[in-house]
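One chain, chain A, appears in both complexes that follow, with chain B as partner in the first and chain C in the second.
Moving on to the complex of A and B:
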């Protein structure tokens, strides 16, 4: 088990290195740089543009910029933001916590909604199943930003007294903070909950048709015991995988959700940094997000080993 | 609200101390300069006794990128520098130039301006403001190492000399009609203190508000400047900018009073939201920019004036205006927007402005394109919904005359790169506000990097533009720009579709004393107060 964990973690190093190259090159391959994006139609002499580029180190060859950046990242220095001239890491860490909180709430909601509705659909069938699948179909078709925009517009129109933009930092007012996170987390959770719900339903249905479940029922075990010990435990493996993999969707979704609800998280930061071509910030966020997704995948692998004996002996 | 200029006696008093030439222009004449657009009297009549105190929260759609007025290039920073810094001159509500840190100026000849400065003004850090700071500011602008965008605007300045602690002399290389306009424009003409480093993140100015704190993407907080030189202003204690990058969020925030004031890019959104509540005030838009269709005339088929004229004839500008902006929100456009010297009034006849599809087809046949013509990609700013809408309408209008284009919405940063290099066939990008028509038409000079990029080579137009720059007499200058616009329309070097405001401002009626400027720079927050 420890070996499994260590191998998986060791694999992260080359993957992250690859991600760093891609993040670095992709942003620079995009036409238009920070200097151009921020100046807009403001007229600047070509020499002035060159001076600004030189001051940001953008005039050097890309590989040289990359190696320099990588060396400093390994030493824990992610550089300074082009826009605010502050250290990237100082700006990113508080935002990372905000996104972590949002993702946690969204993930929790998605899991409860998804696993609950999936299980109900599979066990009760009939009308409940029809209802769950119809709702799932609709939610799958509506992107999270459309839902979020609707929430924002309708709240502004019909409940102007509910301050949906009053993001409160956790340490100022913990309850207010959680309250301000609910709607954004729900907007983020809905689409993800569909995937979990459909997978749970399929897994439970598949497991219920297995012989050992019939045997367990035939033995006269209580339905509750059959559900807990035979059905859910066995149906859990695919659900865990899916939930883990959905973290990437949650992180990706947070980009638009945070922008719409004006939550000062990592996603909002990324959105702004891409439009302004704020390279140091984009690179740092891509690296941090990749690390998180990889770490969660490792955790999913380990969790697998806990519930599924076959993985343990591989 | 407006500051009384110095009286003649005052001017005479200090006249002996400076060398006086034959010709001099007083503030009275100065008041006649600038653009001739009258502000709506109803807005100016928002009078009453100003109340002191309180917080005004403004919804902003973009973060500032740097707060050093000498080096900043982003339009999104202007809103903040407008509160933090002031210059020797400024624009008043009617878009006329009035004195600000200066109390008056003399022009002994066409190339010399001598400014007398206000005394007793302090920067936010307590440092006194003197003529040395003016010199320091312009030294920084002219220093190539600063890479200042203002350097292009003040290229006509030869020397800045401190005459006395509160008298400063500007000498120009040649007579320049644009000089005073740029001096009055924030951030180009504002004054920065000597010996203060890192204004980018720690701004220090002479403006009505002092920098307090900034959380990127969240809010920008300013406090009233207790030493501000204008009597009793500012009335507010605190000014907060909250950032909303999403238009729907901005609408919702204004409705729920999370913000007191904001602006919109779409007049239909603004009209809709104001209809929703009687307590919301929407500013009548002042046209400050145009929506152009730029051509690259280096290569066939657009090198042929008949093809360009055919495009102009195939265009129904009024239809675009009505569909995209709605009724009453803009006017038909030419090179210069109405709020500037010589601006187009939207109705006077211009060559090839009358829609005539048959004539367009005839010109195309003459040019050898009887069977129609495919111009390829028409590049537009994807982020500007209004631009994309207008481009779609134009696409259909041109198709009726047999000219095909393929709409290509593009992200702003790469699009600007192509635009500056002239690397396109047809493209639409609207300019942000500029204080002087020269900044707009100069892009068509054969010597300008952009003019070169699109293949401009019209010696007559070059001369017209260069001459207009040096005409100090306002009516004559206006006539010169009207001639330029007629010439550009006749040659159809580019199409101008409509003219419109950069932003549509809206605020709750308990915000009093505020006046929106055509420049969309919120300098009048200094006169705003809250009265609930």
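Moving on to the complex of A and C:
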């Protein structure tokens, strides 16, 4: 078990290095020049640009600059924001917490909706199955930002007195905070719930046809007990795996949802940084998000092996 | 190969027909765009934020442009980027997947590890970062989307190639002196077409999302040419006064996505492709 965990974590290292190279090169691929970009609209004399370039070490070979940059990133220094001139990380951390909360609620909703509808479809079959699959098919075709825009439109048309843009920080008003998160989380959750629903349905159907379920029924256990202790418990493993792996699409979707509902999270920060060409922030967010997704994937992998005795990685 | 007559096959056929019908409708209307659209999509008029009328079926936007005409012309940009980008990603995916799966060994390791790096990024986040760095132009959007989706297609090609390359007919071809390149392209590739077709339709649906979402965030093709994501975003400003400026592009995006999902589901059942 420990060996498996260590192998998985060790496997992350080269991937993370690759990720950091991509993030570093993104900044180098800027049209024009990094120094020009950091100067914003101010016109600088060529000599001044040269001085800045030398002070930033931009006249050294690329690989030397990369190693230097990597060392600083590992020490937690992601540079300073072009816009506010404050350290990128200081501005990012509080926003990361907001996004974490939104993602958590969305994940929870997706799990409840998806597992519930998938279980119902697999157990009740017939019309319910048809209904769930049809609704899933339609939901899959509605991108989260389209759904969110329509929600905002409907709220504006029919419930103009409800303020859906009132994001309240958690520590000022916990209940108000959770209330303001509900619609954004639902918009984010729907597409993910479809994946979970389809996987739950398939997993329950597969477990139902196993011999041990038949034995449990044959020895006269209550249908409720069979459902809880045999079906759900065994079908849960793949479902949790899928939920974990959907984190990447939740993080990606949060950019759109936070922008639409004006939630001050990491996604909105990225959107603002893109419009103001605040490259150090874009770079930091790309790095942080990729690292989180990788970490969660490895954790899911390890958890899966821990729960399911049949899994062997060699 | 014993049970080829599954009930899914007939359903698959009608789904494919429906999907192709929707696709054809969309492509014909947008291709004939300039001749079908009732107005010039950029022509403004004093009649702004108007509701639906005999003249403007879907009303007008905040500076009096005809929403229906903008939807039709906007579809050209959105669909063009989608089709070209997925075609490039497909080409890249087939080359890398075939190379990786067929040659194997160190090449396989190198290609797969490189793709793992791209897989580590949330797709949409990577697309935003790349477009932001390169600048939002049509060629850059196509390049970005192709890069982001190539790994997915490469992985789908590689899997079945790994097993097909051990089949007897490959050995037979080799024993009569057929070149390795020819074997890979003529004797292995045709046998892995089914999963590629299914995955390509799914990627097309995903690409509609990515292209319109990027445009929604202001990273789409530059104005004044309309596109669906940009229209949805612009319409939000006055949507309580003219809901159709938002509902129009929303329906277009959903219709396009649905088209490719229907096609993917039909192909999956018809071709009996298992997996997610």
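Throughout what follows, the second predicted complex is superposed on the first by the 266 of 314 C-alpha atoms of A that agree within 3 Å, B and C clash if a C-alpha of one lies under 4 Å from a C-alpha of the other, contacts with A are read in each partner's own complex, and residues count from 1 in each chain.
Going forward, a contact is a pair of C-beta atoms (placed from the backbone, for glycine too) under 8 Å apart; a residue touches a chain by one contact, two chains touch by 3 or more.
Nothing here was measured: the structure is a model prediction, and the numbers come from that model.
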Touching partner for A:177 - first (chain B), second (chain C), both, neither: neither
First, second, both or neither for A:156, with chain B first and chain C second: both
Partner chain(s) touched by A:293 [first = chain B, second = chain C, both, neither]: second
First (chain B), second (chain C), both or neither touched by A:264: first
Touched partner set for A:146, first chain B, second chain C, both or neither: second
Touched partner set for A:237, first chain B, second chain C, both or neither: neither
Touched partner set for A:46, first chain B, second chain C, both or neither: first
Contacts of A:22 with chain B and chain C, given as first, second, both or neither: second
Which superposed partner A:277 touches (first chain B, second chain C, both, neither): both
Chain A positions touched by chain B in one structure and by chain C in the second: 30-31, 149, 152-153, 156-157, 160, 259, 271, 275, 277
Of all residues in chain A, those that touch chain C in their complex: 14-16, 18-19, 21-23, 26-27, 29-31, 137-138, 140-143, 145-146, 149-150, 152-153, 156-157, 160, 248-249, 251-253, 255-256, 259, 270-271, 274-275, 277, 279, 282-283, 285-286, 289-290, 293-294
Chain B to chain A touching residues, read off their complex: 63, 65-66, 73-75, 144-145, 147-149, 151-152, 200-201, 214-218, 242-246, 248-249, 251-253, 255-258, 276, 411-420, 429-432, 439, 443, 449
Residue ranges of chain A in contact with chain B within the complex: 30-33, 35-49, 51-52, 55, 81, 83-86, 91, 149, 152-153, 155-157, 160-167, 259-262, 264, 268-269, 271-272, 275-277
Footprint of chain A on chain C - complex, ascending: 113-114, 116-118, 120-126, 128-130, 132-135, 205, 208-209, 212-213, 216-219, 232, 236, 239-240, 243, 246-247, 250, 253-254, 257-258, 261, 265
